[in-house]
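Heads up, the next two complexes both have chain A, just with different partners, chain B and then chain C.
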Partner chain A sequence: MTSRAEPALPQPASVRRRNGMVERTLAGISQAMEHALFAEETARRAGLLQALDPRVKVLAMLALLIAVALSRSLAVIAGLYAVTLALAWASAIPLGFFIKRVWLFLPFFTGVIALPALFITPGPPLAQLPLGLAITRAGATTALFLLLRVSTSVSLAALLIFTTPWNDVLKALGVLRVPDAVILIFGMTYRYIYLLLRTANDMFLSRKSRVVGRLSGAEERRMIGASAGVLLGKSLHLSSEVYLAMQSRGYRSHSHTPSVATFVMRRRDWAALFIAALIAAAAIVLGR
Partner chain B sequence: MNNETVFELRDVAYAYEGKQTALEHVSLSIQAGERVAVLGSNGSGKSTLLKLLDGLYFATHGVIRAYGQQLTEAAFDDDAFNFAFRRRVGLVFQDTDVQLFSPSVWEEMAFAPMQLALGRQEVEARVDDALRALRIEKLRDRAPHRLSGGEKRRVALASVLTLQPEVWLLDEPTTGLDPRSQSWLIDFIAEQGQAGKTVITATHDLSIVDAIAERVFVFDESHHLAAQGAAGDILADNGLLLACNLSHAHRHRHAETGEEHTHPHSHPPAHTHQHAAGSQGSTADVQSH
Partner chain C sequence: MLNSPAYMHIPDGYLSPLTSLILFILVLPFWYRGVRGLRRRINARNVPLIALMAAFSFIIMMFNVPLPGGTTGHAVAGALVAIVLGPDIAVIAISIALIIQAIFFGDGGILQIGANCFNMAVVLPYISYAIYRLIAAGRPITSRRRVVGAAVGGWIGLTVAAFFAAVEFGIQPIFWHAADGAPLYAPYSLSVAIPAMVIPHMLIASVIEGLVAALVVLYLQRANTPVLEMAERPAGAVEAEASGSVSRLRWLWVGLIILVIATPLGLLAPGTAWGEWSSSQLANMGLMFIPHGMAALENLWGAPLAGYDLPALGNTSLGYVLSALVGVALVAIIAWLFTRLFASAQPHEGQKEQ
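Entry: the complex of A and B
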């Protein structure tokens, strides 16, 4: 066999081109996996909330969420937000990351709802804008309430996730009388999201490795659509196989899946629960 | 091995969605305490056979009996039958990601005994025993999706070991294992055999067959049972293995010596060169691979 030498690889040009849909999808998948990994890592750190019984954390979060929802005072809600920041700091969660994580998503979900309230809520104007628009004082207060309530609530939920292994969060849901079968489904969903994320990542990488040249937007959209279809087919096959694996080990649709939680309440857990209840009650009374 | 028949199949066929044939005209029987290998190339119906034996699929034709009872959907609708069967027969799936669906190793291993409605203490004792037996104590609280291939395989076996089954159905258990883990798995199968368990292993890995089975069933690519016999006899029948796409004409193992090697061979002349006038005539190229 004779071989002909391939021409040398050209020097890469230092032109930076805009990421295509495939690259963005890959980056999104990697980011989702990194976030999940980070949450698992912070949950294992030594910190104030990590040392508490997960059931206490679930109940405390619920009590504080109710307080945030019922409070009609901006100062009280801001105070509760400050409490979440203090707890994050005491639980070895980097404050910059914690704040960014919460506020990054707020403009997308809450900002869109809060924005019209600035203008359409009747009341004395706070600032005059072109085209006859005006931000009213009542509108600004309503928007601020909404943003602060949502950011404090999301921070509370994030605190639970960042300081508790996901398995323990699921088991702790039992104290809220969530049926065991539902907890089992949540657990399996979380477990297989990883597998599907990895499969999606591999699919996109394999496509990327075979694409020569640039794809048009339409081609990329077609490719993403086809990949989504393949992934859906794979997940359907996987779900039926998993059900067989459960059946094989005796699972019946009406059988019990007893909780495997082995939590023990200690003195500090009771103390934490008491303090959380006290803060929630105070916030509700002061925020009337 | 005793004389109790664990599985008996009479003229069994199975087709996916009634159209895609996976098995046809399969008749066989397996005795308690036997170590059996089900050999076949990819897509020959090995995995389907194991799922039929585990009462997960039901024959579209013919009869399958386990411990003398016919395996039908109606039979498994009866909780008492389902309970008794699942307690005795355990299947380890080829894909460990299918087998390991729980959020932690401990829960994965506790799943089967919990379905058997055993008490908390008994479940914990069984899980602890299995963790020790497979030397995976340190994996106890880990998430299954974070384990290596070898660790996943051990946990998959442990998740069935807690059932303490009389019959093991193993689907391609060496897939993706490094040589050391493979060797460990062969030892595990041998131990189960010595403990009087029936072990039925589906594989296309000829190198492990004589170590894991005394008797072999061979399936061909048309989904029929092509042969059955002692492991040594089947492995020595190169014609059969070639016909069932389990061996290669030029690269195969010799049963007598156990050596695997490649036979050099020649292709017939592909073309001839006609030399210019005044040469010694024509010569033929012989290509060697």
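Entry: the complex of A and C
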């Protein structure tokens, strides 16, 4: 993809060219951080879903996900997608962003899989195309099922994340009987993901600032091995330090970690739970 | 979310809820085993260790790896984590990373957590680790064979994981249709799904998986050998290892057998199996041209039971069961050959490291 023969001149970041591995990894890292910051920001806005108990949101999301998965009617799944859009709107999530985020990510996997299904699924033809290709009715149905199911499911998960602080999501998992120890580990993992992201970011950034021109593929690969190895060493070292720090503060076991007790179900939470269950049940019955 | 091997992360909508549930149940014993192993080996230290290793797995999935041809991609890093931590603990670390990806980043469906963990957090680390150990075969920690073992282990491990994902996709159209015969979930049959998943993985993603594992092992050999020894000497239990890797694999066999046993359920599915149409059916579908060879070879197989009657359905479905069995057997034979090849070439001489 990149032509290696050219003289290695540093490229300004704005020039659209095949970037090296360092740039692409950096871009990925900053994208992840951006995503987290954005989710944190929308979770703090005043909106419909933000005002609900996280446990209700987790349960409602699961119920609706199952309804989407079980439904055998395109109209029902499309209806559920409309529900997610309405909820996003009511929860102060920018609709354009919400829709784009879901559909931009689709072509990657779903598009590639759904497209050929249009043509090669057996059934009566719906439209005739040149080259002897025909879109079959069954093919169109199948492709639509995939696209709608994936986009609705991704939207449901996004609704939860964009309206609920991550720590609350984790605590709410207690309602699914996820053990406290597991919730504690998930919380720590999430925190250290950002620490390690920062570390990796710094490593790559400092490397980039010391490099003029372009690294060869072999150099890049060696660098990946070294960066990953260093990061692994740092993670292991950090884990023993964290353990010592926990111990010095009196940590013995994870039997008394903060749990669901801090949430209080109010009337609107019960109402929301009831409505979500109703929608899910209706979707499953109608979509049979 | 664009920064992970998205093609291995199965999104919601591709597998029927029943498939997802079965795979979730299949993962449970591995999670149990991993947690139990953690408790036994490193007890109280497990919380921060596992959290940081999960975080590390997550980060390493974001590394953009260039291949010699110029293609780039991302590793799952299941092989690497298994080599460093041992497969039991790797299952937990990678599962946590995958679950956070699913919930927080929308990478992989939430209902598919079981399926994704089965492919990438169970199949991948166990197979990679078994092959790594076979090739390393007790050689010193700085041996070149460990680098080779990591590379081959990662390559085969992810390829087998892709095969499992393909089987999961491929059985969907056998079981689940809309009223008009349109597949409700992943639409392609095993005969399409398996090559479509396995071949690109063999060429790109699995190469990256092996490459990352090998590069990091190479680096650790130069700079940080104690890390490489971690998985092999948990509290000095060396003798547990010879039998340990066998009993670890036993769970994999249990899972495999359950999957294979589940395939004959396809006998209940109505309709012609996808992709196995006769040429007259193809013509009905609007296909304008049917290759001569296809028409000529049509009666080579299963002619006695042609048509729409029940025995014919049994026959086509049986084909799927057979292809699943053949696939599994093929992988088993390759693995066994590796065992023979490297176990006999390498009688244990490896206790004198350092």
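One rule holds in what follows: the second predicted complex is superposed on the first by the 238 of 288 C-alpha atoms of A that agree within 3 Å, B and C clash if a C-alpha of one lies under 4 Å from a C-alpha of the other, contacts with A are read in each partner's own complex, and residues count from 1 in each chain.
Just so we're on the same page, a residue touches a chain if its C-beta (ideal position, glycine included) is under 8 Å from a C-beta of that chain, and two chains touch if they have at least 3 such contacts.
Remember, predicted model here, so these are calculated numbers, not experimental data.
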item	value
Touched partner set for A:Tyr190, first chain B, second chain C, both or neither	both
Touched partner set for A:Leu238, first chain B, second chain C, both or neither	both
Which superposed partner A:Ala158 touches (first chain B, second chain C, both, neither)	second
Touched partner set for A:Asn167, first chain B, second chain C, both or neither	first
Partner chain(s) touched by A:Gly250 [first = chain B, second = chain C, both, neither]	first
Chain B or chain C, by number of chain A residues touched	C
Which of chain B and chain C A:Thr136 touches, first, second, both or neither	second
Residues of chain A at both interfaces, chain B in one complex, chain C in the other	166, 188, 190, 192, 195, 238, 242, 246-247, 252
Sites on chain C touched by chain A in the complex	1-3, 6-7, 9, 11-14, 16-17, 20, 44-45, 47-56, 58-60, 62-68, 70-72, 77, 80, 84, 96-97, 99-100, 102-106, 109-111, 178-188, 211-212, 214-216, 218-220, 223-224, 227, 230, 272, 274, 277, 281-282, 284-289
Chain B-facing residues of chain A, complex	166-167, 170, 187-188, 190-192, 194-195, 238, 241-242, 244-252, 255-258, 260
Complex contact set, residues of chain B against chain A	51, 54, 56, 79, 82-83, 86-87, 90-91, 93, 95, 97-99, 101-104, 106-107, 110-112, 114-117, 120, 143-145, 159-160, 163
Chain A - residues contacting chain C, complex	1-2, 20-21, 24-25, 28-29, 31-32, 35-36, 39, 61-62, 65-66, 68-70, 72, 105, 108-110, 113, 117, 121-125, 128, 132, 134, 136-139, 141-143, 145-146, 148-150, 152-154, 157-158, 160-161, 166, 169, 181, 184-186, 188-190, 192-193, 195-197, 200, 217, 220-222, 224-233, 235-236, 238-240, 242-243, 246-247, 252-254
